[in-house]
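Okay, handing you the structure first.
Think of it as A, B and C in the order they're written, each chain with its own count starting at 1.
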Amino acid sequence: MSVITLTTDFGTRDNYVGVMKGVILGINPSVCLVDITHEIAPRQIREAAFLLLSAYRWFPSGTVHLVVVDPGVGGKRNPIIVETERYLFVGPDNGVFSLIYEREQEFQVFKISNPQFFLPKVSNTFHGRDIFAPAAAYLSKGTPPSQLGEQINRYVRFPFTGPEIKENILEGEIIHIDRFGNLVTNISEETLKGFVGRDKEEFQIIIKDKILNRICHTYSDVPQGELLVVIGSSGFLDVSANCASAAEMLSAKPGETVRVKRSP
Amino acid sequence: MSVITLTTDFGTRDNYVGVMKGVILGINPSVCLVDITHEIAPRQIREAAFLLLSAYRWFPSGTVHLVVVDPGVGGKRNPIIVETERYLFVGPDNGVFSLIYEREQEFQVFKISNPQFFLPKVSNTFHGRDIFAPAAAYLSKGTPPSQLGEQINRYVRFPFTGPEIKENILEGEIIHIDRFGNLVTNISEETLKGFVGRDKEEFQIIIKDKILNRICHTYSDVPQGELLVVIGSSGFLDVSANCASAAEMLSAKPGETVRVKRSP
Amino acid sequence: MSVITLTTDFGTRDNYVGVMKGVILGINPSVCLVDITHEIAPRQIREAAFLLLSAYRWFPSGTVHLVVVDPGVGGKRNPIIVETERYLFVGPDNGVFSLIYEREQEFQVFKISNPQFFLPKVSNTFHGRDIFAPAAAYLSKGTPPSQLGEQINRYVRFPFTGPEIKENILEGEIIHIDRFGNLVTNISEETLKGFVGRDKEEFQIIIKDKILNRICHTYSDVPQGELLVVIGSSGFLDVSANCASAAEMLSAKPGETVRVKRSP
């Protein structure tokens, strides 16, 4: 049984997600459908890119990841397939796969253009249903990407700004706030260790007017209600709080600066 | 593998939807369960009817559509099955299938009355679990509707008011606002073309104090942040905005009047 | 096909639930995954315990119930398996299974300790992904609990305070408010009947300044917009309203006292 995941900004109040699943099941009745999230803020391609990045590798090899955050629907942007060693991705060519391009060593991009794999009538406002869902369904049945369209070499790739080193300070930012109020930064464990030194455990992490002095191993390393820094489950530095919301405690929002300073 | 879809006003905070799925899987372990939505506003039968209408035909033939928006649970309303050429519908006889009756040429309605297909103990407050879920599960296994109860000829059918022609103006209304702020009207593409003439591209669409002069093909036909009118993915006239919320821009609510005027 | 249910406080905005499902499908590709709810308020173990209690028995025998409400993740609390006659439960040993211990006659508890059944790298912040999801997946494939770890006799069990009799009055409390505003109490049908007498239909139920005089059979036993008391679908006494929200009408919150007085 093959797996298709779904990541959209459709929400769950409308029937759009259900309709896409209906189309998929009409083409591949034995597929397993898994929601990643449908709560991407409307048209927030970067948020979708991050949530996809931190989710895709946990799925079995062969999984098709369908992503529909598509403010340009019906316009000039291409529908594409990205093929990596273990996975297939389907969605609009609007940069939503930028972090996949960054992470994966080798990948190929195909433009979905063969109308034989579209729904018979293609609307101008819901390609999720008319183009992307059928494409994902055919791929999950084993149709090779090259049958859906030709390989392309030009595709949209966002310059996701990673953390930068400025005057001996590593400067990153909050890229996601989760339900628990954990502040996920764009500073990966590797970048951090490269900066402070692999064996160093002490250094300063600065957010707003707070200075935190080390990476904790787990939330309960500090008393309840206190702030801490951990390497979060996605492999990035998180500012968190034990049994409380760091986002509320710091009134922090995505984009907030986080600085790391080597100990003197 | 057969498919059962679920449309309810149960929300996702409680365990009601999960419980219905547990009951279904106890009867048909190999069914594929797909959520349409559980975010119908409590007891809003008309909203459920519209979301069902614009979703049901995208599912494979043989799909059982289970709808539980049931303010009269435990009272006199009948539990029913509606059988059309390609689908089966299960839910309360409170008008929630009115738009299915309107759209489908031929259908039969059955009253679910054979207690052999109920759960052993039927509560007065949760027929979704005790009557509707088992009925859908048995139907998905191939049990014919006639075994669950007898065919009936009287059932509740709402007079869904379509758009009307008043003094040479086609007058419809907003029937649904989606997550993106698209305003879905009750004016179908066919009704519109019948009114303005099949080849006419220019006419006036009036909502609140705004006049829009044509049907666009896609959102990007207008600059970002501007209003437009399209034939939406459900086949109805939508008032939308490119990369913005028409609902916010117009402070529009369901029930708002939308008028179409032929160009002079 | 075996079933795994998921009950968490992860919400649906992040990708945590999707990631757990990816891990499970990597181990058991043919499992059926069912969400109970992911809207448990962050870290609210008691709420999770109640929603699990009123859901678990509706699933087919052999179902694995995975519960991840885990404020102590990465700390000293054990990951455990609870085995009952018909079900397996997987989650943290923080009291979340207390109501299962209370309801089930016989059960065994195992500490999950065999790293062979963990993901290769275990984080300190997401045992749902690294320990609980794999454990549930292996159990769903038939791996016996004893292979995942040894049986234990000490585990956390909350003293869930049931209703008490004080000066001839049965005093309970609101333990859950559902989407419809139904106030679910901790007074079970059995406790009520034991207190008022099995055949008595008349007695006083007091909440805030309201006195209700009998148990109704269904919502429509009272006019629309009026309060009533029913035995709810979970088998507990509910304070509800016909086509309205009892929670709003009474401004009631979880913890609110509900008293039952025998009629004189």
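The rule is short, and it goes like this: a residue touches a chain if its C-beta (ideal position, glycine included) is under 8 Å from a C-beta of that chain, and two chains touch if they have at least 3 such contacts.
Note that the coordinates shown come from a computational prediction; the quantities given were computed from them, not determined experimentally.
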{"item": "Overall pattern in which the protein chains touch one another (line/ring/star/complete/other)", "value": "complete"}
{"item": "Size of the rotation, in steps of 5 degrees, that lays the CA trace of chain A over chain C", "value": "120"}
{"item": "Whole-Å separation of chain centres (CA-atom averages), chain B against chain C", "value": "32"}
{"item": "Where chain B touches two or more other chains at once, by residue number", "value": "12"}
{"item": "Chain C contact footprint on chain B (complex, rising order)", "value": "9-19, 21-23, 25-26, 29-30, 33, 42-43, 71-76, 123-126, 129"}
{"item": "Complex contact set, residues of chain A against chain C", "value": "1, 3, 5, 7, 12, 32, 34-39, 51-52, 54-55, 58-60, 63, 176, 178-180, 217-220, 230-233, 238, 240, 243, 245"}
